[in-house]
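Paired with chain B in one complex and with chain C in the other, chain A is shared by the two complexes that follow.
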Partner chain A sequence: MSLLTHILGWPLLAALVLAFVPRNFRFLTRLVALAATFTSAALAVVMFVKFDTDAATDFQFVQILPWVKSLGISYHVGVDGLNVGLVLMGALVSFAACCCAWEIKEREKEFYILLLVMTGGILGAFASLDVFFLYFFHELALVPAFIMIGVWGRGEEKDYATFKITLYLSLGALLALIGLLALYLQMPEDKRTFDLVAMTAHFRAQGMDGSAQQFIFPLLLFGFGILVSLWPFHTWAPLAYGAAPTATAMLHAGVLKKFGLYGLIRIALPMMPEGAAMWMNCLALLCLGNILYCGLVAMKQKDLNLLIGNSSVAHMGFVFLGIASLNVLGITGAVLVMIAHGLLAALSFALSGYLYQQTKTLEMEKLGGLLRQMPFFGAALVMAAMAGCGLPGFANFAGEALIFFGAWTEFRVVTVIAAWGALVIGAVYMLRAVRSVLHGPLPQEWHVAKDVTTPWRRLPFALLLGALLLFGFFPALLTRKIEPVVKQIVKDARAVLKPAITAGVKN
Partner chain B sequence: MNVSLIEFEITVVLLGMGVLLLDLWTPAERKPGLGLAAALSLLLVLVATFLVPIPQGAAASGFGGGYLLDGLALFFKRFFLVAAILVLVMQTEFADRIASGISEFYALVLFALAGMMFAASANNFVMLFVAIELITVTFYVLTSFQRGRTASLEAGVKYLILGALSSGFLVFGIALIYGTSGTMSFPEIAAKIKASHDLAHGALFQLGVLLVLVALGFKIAAVPMQIWAPDVYQGAPAPVTAFLAVGSKAAGMVLLLRVLLTAVPDLASHSAKLLMTVAGITILYGSLCAIPQRNLKRLLGYSSIASAGFLLLGISALSLNGISAILYYLGGYLFTVLAAFLVICIVTRNTKDEDISVLAGLHQRSPLLAAGLTLAMVSLAGVPPLAGFFGKFLLLKAAVESASNPEFRSAYYTLVAVGIVGVIISLYYYFGVMKAIFWTKPTGDLSPIPLSLPARLALYVCIAGMLFLGLYPGPLLDFTDGVVKAVFN
Partner chain C sequence: MNDNALPWFILFLPLAAAAVIALFTQRNKTASAALSIAAVVTSFALSVTLFVKLSGETLPNPETFNLRWLHVGNLYVDFGIKLDQLSLLMLLVVTGVGSAIHIYSYGYMHEDRAVSRYFASLSLFMFSMLGIVLAANFVQMFIFWELVGLSSYLLIGHWYERPSAAEACKKAFLTNRVGDFGFLLGILLVWSTLGSINFATLADTLKANPAALLGAAATTAGLLIFCGCVGKSAQFPLHVWLPDAMEGPTPVSALIHAATMVAAGVYMLCRVFFLFTPDALTVIAWIGGITALLAALMAVQQNDIKRILAYSTLSQLGYMVMAVGLGGPASAMYHLTTHAFFKALLFLGAGSVIHALHHEQDIWKMGGLKAKLPITFWTFLVATLALCGVPPLSGYFSKDEILALALGKNQALFAVAAFVAVLTTFYMFRLVFVAFTGPAKSQARDHAHESPAVMTWPLIFLAVLTVVAGFIGIDERYADVLGKPAFGNHNVAVIFGLSAFLIGLFAAWKLYANALSDPIPAASSRLASLLRNKFYFDELYAKIIACTQEALATAADWFDRWIIAGLAVRGAQGATELTGMALRLLQTGNLQTYAFLFVTGVVVLLYVVLR
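Here is the complex of A and B:
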């Protein structure tokens, strides 16, 4: 069996095992969940190290098992340079999320089962090379998230948030499903398969009917876009993250949300270059909505969780900008930001979740002076904020810089506005949050707040920060893997784009 | 003619009579057990159906061509048998709520089952009519079986009046078809249409077909004959509602397939837009009306209307894949809906009403029942990895596939869009049920719910069915594909 099957299989197997563990064995429950996610994370590191960078465009650690032959569906997993980093990031965040789940005190068994199913689904979605399984695993991860927010969520708007995220994301997923089905049906009848590699090869060789691309591409763009909180379909995100339990918010905001972006880069761009060329201007404008509008909304927030939620929506704008630029620099940067932001969002929600446990409130006006009381926590929060406004040294900087370089050649005005939004707006709300939470006088009631002291509790924060710094100082660890794959995608897209542009000039 | 063709039906009818006879010698306190005995006997019949080889090529027929035993018939016979077995288990759980005549309660279900099995094999309008009447008349009695409850009586009367109306439509339609074509047999009608162009375009013939379709629409609860469903679902005893939702709907569906695709295939392909419109309206009507419902059975009534819409979506795709998708969807629907009704039947034992709030705290009272109902809701909503997802996936795939026909492209995409809207709305109310189970603060009784062994087994079967059909669709899909190719190609 491929290493990848182990990586995504252990959490699912552990979920099955937990179903038979009696309810009152709480320690055992937690231990099984931690062991499974740790195994996945460790194996993912092994996979990342073993990955042959010189052959980054080839799929490695491949496994294929036929599932429904008549429809051409098979369990097919594998990684190339594009998703190897994403799988690693997903596995790391899953382990960190599982570590942070100690705040759950009631119905732990069900929580850990759902968490493990979600983890398995997420890793499966990023590892699958079969379009059907891609969707299948994504949905498998999505539904536990809805239930976790509904049952273990917090705040008064919990029910509303649950329904909102459920309906929005299901709509996005269904639109994408119709798009994927339409793609499948574009293949000639005797060759129909859901196999991603075969489909990409077919469309790369044969091309797809232009009019078909014109209507399938927007289905995928907006279907996946809703999943990634593309403006103006983003309103579910801050609300749901505000209400979600810590581990769920970490997994969803960090990893699962990146699935839509991954789908765009993996499926939509290589198979439908003409459609992509047509819609990228539109995407570049919409991403400004994410960056500016959601950035400004984040500035107005009084609740730390809502601020982080809005800022994470704003960060998605950069990724969209990178994709819209349709060049090697931009898309490589986009993938890098996906990984960096996954780690960062998980770290931010882990921190806010810890703070909520200590203070039972996240209203920034009521907090203050906590840096003295909680030095480790405070230092981590400052670093997360710095990473959030794109300070060099963190992986986010490397990615965002690449995106701006890439986008500059395509959309100058948009890039200028986006850079301004990133540097100024981002810095304002992040620094303001740091000031109101960590600095100033310490209100009497927060003298009870305890810092993160035991190594066990510190582990998830240290792990995520370490990864952010590692990829910040050595982004080449990722970019050297991502770039060859992106080059291939961009070459195909440009080949179509150039004649289209010259034809436009002639007319 | 070969009597062995109808051996399963004969067995079921004899079984029904046997239950009625045994009732005379069985002491009152052991009468509920007769249901389990009947269920076990049906299990044997079910096993026997697997020993019959699926007819390849020319299917065996009897009663002057009126009765046909082909792959499709066999699929539906097995389907009805499984449904009846689970419903009989549900009925024994329900026995304490039936004042008297529990044996008749079982026997009537067996007679309805015989009707459904005949319907699966109907190949002319006489057999169709007799089968439908056998089903419908037994259901008149079954829906009003709780004579002490006004709601049950009301459901019976409503079903009787609207059922009689639709029977009237059916007879009138059959009369018109016979009058214009001179035959009752489906294949002969198809042959005559091929031979003479005028027949299919005659207004009287078309009116006849339309009336028959309307009457069959009553069975599957499709617009415009859906109005009875919520009231009857709510009023009828839970096991009867379950059998109505699964068995009666599937019987209507198989007859619809036979009439549309064997008797009048040309007319069907010309009325694609009509079918699409009906499918779209049915989906929207069912899902929109389900939103404000608080009564569980009424909610499932509306949800069953929406499901009828999805089945019609499969028919309107007018392709082999569409029909295969319908069969697959029904297979998943069987386990899903029966799981839901089984849980509802057990949970509402000691409560007066069937309001959604009775589910509060269910996860503490009985984790198995909570899990069963949750899985059923998730499957109905069409979420992987459960059966409902794969069924809806196949139906939508068939519709998108048919959209490659440029003439109907926009129509099919509109229908798919309507389907998506329906799914999204349905997520809202199915999640409402899950919300009640898991995170609504329980107020009333929190005592554990005892679960008898047969009920537990039945629930396990339903859960296993939902998971198996969702995770391992290959075998059933290959089977339905083969059947559809053999019958309709």
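Here is the complex of A and C:
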């Protein structure tokens, strides 16, 4: 069996095993979940190291098991340069999220089962090379997220948040589904298959009818866009992350949310270059909604979780900008930011979740001076804030820099505004958070707050920070894998884009 | 050891020290301090070695050692090391002054609660600063540019429990970020126009084809890059963060906010001097001149010993930037170097005073310290005289170059520079008279005693440098690499410079030699409060930000809460629920109601059809 099948299979298998573990065996429950996610993460590291960078455009660690032959559905997994980093990031975050799930005290067994199913779904979605399974795994991950927020969530708005995220994401997934089916139907009848590789090859060779692209591309753009909180479809995100249990917020904001972006890059761009060329100007404007508008909204938040949630929405704007620029620099940067932001969002929510356990509030006006009481936590939060405002040394910087260089040649004004959003607005809200949570005098009531002391508790934070720093210092570890794949996509898109420019579609 | 490896050691030793302290020696203060000091002193020793080895040779191909950092598409970011006379001398200045201040810090900070955090941040700063000095391309410089911003943030906020310090570090970082915004755009513009970010390649491209970057685009690119300098070197209009940065520990003020980091802007301008058009240089010169003047005026009415020095730093940085703008990068670097020595010395002297007086910083509560702190006083006086440009101290030579440069190029700026020289002497001797030689104004003085040797030796070391730096040919070395500027008449400049000193000294002596309180506010309270409140720049900026970015943020937040999430989303939800409720009213389950509705419907239908 392929390494990839192991990576996504262990969590699912563990979920099945847990179903048979009595509910009062709490230690065993945790142990099984941790062991499974740890195995996944370790195997993902092995896969990342073994990945042959020189053949980054080829799919590696492939496994194909035909399933429904008449419809052309098969279990097909594999990684190329585009998703190898995403799978690694997903597996690392899953393990970290599992470590952070100790805060759950009620109905632990069910929680861990859902967490493991979500993990398996996420990893499956990023590893699948079959459109059916890609979608199936995404839904497999999405549904547990709704349940976890509804049952184990916190705060007064929990029910409303569950309701909202469910409606929004179901809508997004539905639009994407229509788009994907439409793609399937665009194949000639005798060749119809859900196999992503075959579909891409077919459309690359034959091209798709321009009018069909006009219709299908926006379905995928907005369908996937809603899943990634594209402005103005973003209001579910801060609310849901504010209400979600820590591990769920980490997994969703960190990894699952990137699925929509991955879908755009993996499916929409290569198959419909004309549609892409047509919609990219629109996307470049919408991304300002994320970067500028949501950044400004983040400045006004009084609750730490809402601030992080809004900032995570704002960061998605950079990825959209990278995609919109449709060049090697921009899209490579976009994928790099997806990975970096996945690690960072998970880290941020892990930190805010830990803080909530200590203080039972995340209202920043009530907090303060905690750096003295919690030096490890404080140092990690400062680092997360700095990574969030794009400080060099963290992977986010390399990604955002590439996006700026890429976007500068395409959309100059948008880039200027985006740079203001990244350098100034981002710094304003991040430093405000640090100032009000960590700096200043320590109020009497928080003398009870405890730092993260045991190595076990520190592990998830250290793991995520370490990965952010590693890819920040050596971004080429990722870009050398991503770039060849992106080059291929861009080459195809640019080939159709050139006539479009002369026709005056894009000026 | 291989020569090529030396610069890497110089650069990475401090980072290694910072990492080891952060990970392993948090609890052991002495070990942390020792590690940090050892790293910087070794870097200094290696820099000297490198300097001696390379000083005779012309450096053929300085960037022989490049690492590929990020090569994507048509963007090639290498991690390179640029070694020429400019970076070699700057290495010496940074590591030399840095060593003195690290050692001094051990004495100054030994009672602090977080010595390890302090030294880790200080080492991180050294790494970042050395990175700027050695950077071979724009992106690499930008990376370290941001990192010095971070270390400055951490060190200003060292005493984060004090709200003033917590606000100051935030302000410093954000103001710098505004400058960096322009810097980044400038880099993007240069890259998209000239196709490279590498300093050497850019210089070659422009030399081969001067038309590649011309006219408005070139001026824009130059001024955008200058924005980075405006932020980091605290030039008008982004000067507001530097005085507040004095909330950090005094050695930090000496190292970062006087000698090295704030000079990074000037260093960067010299490094990419070939990019600037005459128009851009004119703007740069005036910005420098305005900063020098404004800051000197503000310094006249400050009472906090560190703030006086901070404004003085601003003013001197203005001189340097003006010198660059007047086409004399060599003179700017010369003044940067001498200024690093005597301004670090002034700050360390102030630190010694503050240490002796148990953290008293108001000069009107000092007085009569000359007898109590002899080493501090005499070294402080040497530095003051150097700052005022008194021969034969180093400041005299470098300041004279700038005055002569202005005289030859731009008489208006020469007048500004000469007036600033008067003010400089005036506010510095106000400080010396009130704090050191004048009558004692509080009890604190009686218990004061000289600082320990670990603090006084760095003072003496820097005092020696201040004295000799004018004679060891630093100016010629800079002129070799940056070109000899076109000076005006030196003798005229010297006469103006010395008269400025005498006028300032006389005025200060008249007003402050025996003063117990400041006579200026009594004579002209409006002028005094205008100067004391720094021309109300902080208030003005607070208003501007409140009216623009904050107002936008409030509007966006309101819109998000009430329109997008409220009206649109909840509205759609509400409409659905309302429809549901209305439909439920119809579904009563009562047969008679259904029959009634049915009959009504039939009647209406018949009416419509048969009408």
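Convention: the second predicted complex is superposed on the first by the 504 of 507 C-alpha atoms of A that agree within 3 Å, B and C clash if a C-alpha of one lies under 4 Å from a C-alpha of the other, contacts with A are read in each partner's own complex, and residues count from 1 in each chain.
To be clear about the criterion, a contact is a pair of C-beta atoms (placed from the backbone, for glycine too) under 8 Å apart; a residue touches a chain by one contact, two chains touch by 3 or more.
A quick note: this is a predicted structure, and the numbers were derived from the prediction, not measured.
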| Partners on chain A (chain B, chain C) - clash or fit | fit
| Touch check for A:Phe38: first (chain B), second (chain C), both, or neither? | neither
| remark: The chain contacting more residues of chain A, comparing chain B with chain C, is C
| task | Go through the superposed model and pick first if A:Leu181 touches only chain B, second if only chain C, both, or neither. | result | first
| query | After superposition on the shared chain, which partner residues are touched by A:Phe25: those of chain B (first), chain C (second), both, or neither? | reply | neither
| message | Between chain B and chain C, what opening angle does the Cα centre of chain A see in the overlaid model, nearest 10 degrees? | response | 160
| For A:Trp102, is the partner it touches chain B (first), chain C (second), both, or none of the two (neither)? | neither
| Of the partners chain B and chain C, which touch A:Glu139 in the superposed model: first, second, both, neither? | first
| message | Just checking: does A:Phe59 make contact with chain B only, chain C only, both, or neither of them? Give me first, second, both or neither. | response | neither
| field | Which superposed partner A:Trp446 touches (first chain B, second chain C, both, neither) | value | neither
| query | Is A:Ser70 touching the first partner chain B, the second partner chain C, both, or neither of them? | reply | first
| query | Between chain B and chain C, what is the tightest CA to CA spacing in Å in the combined model? | reply | 6
| said: Does any part of chain A touch chain B in one structure and chain C in the other, and if so which residues? | reply: none
| Partner chain A, residues of chain C touching it in the complex | 68-75, 139, 142-144, 146-147, 150, 157, 160-161, 163, 165-167, 170, 173-174, 177-178, 180-181, 184-185, 188, 191-192, 549-550, 552-554, 556-557, 560, 564-565, 568-569
| task | Flag every residue of chain A that touches chain B in the complex, lowest number first. | result | 67-71, 135-136, 139-140, 143, 146-147, 150-151, 159, 162-163, 166-167, 170-171, 174-175, 177-178, 181-182, 184-185
| task | Give every residue of chain B touching chain A within the complex, in rising order. | result | 378, 383-385, 389, 393, 396-397, 400-401, 403-404, 416, 420, 423-424, 427-428, 431, 434-435, 438-439, 473-474, 477-478, 481
| Residues of chain A touching chain C in their complex? | 164, 232, 235, 239, 293, 296-297, 299-301, 327-329, 332-333, 369, 371-372, 386, 389, 391-393, 397-398, 401-402, 404-406, 408-409, 415-416, 419-420, 423-425, 427-428, 431-432, 434-435, 438-442, 475-476, 479, 483
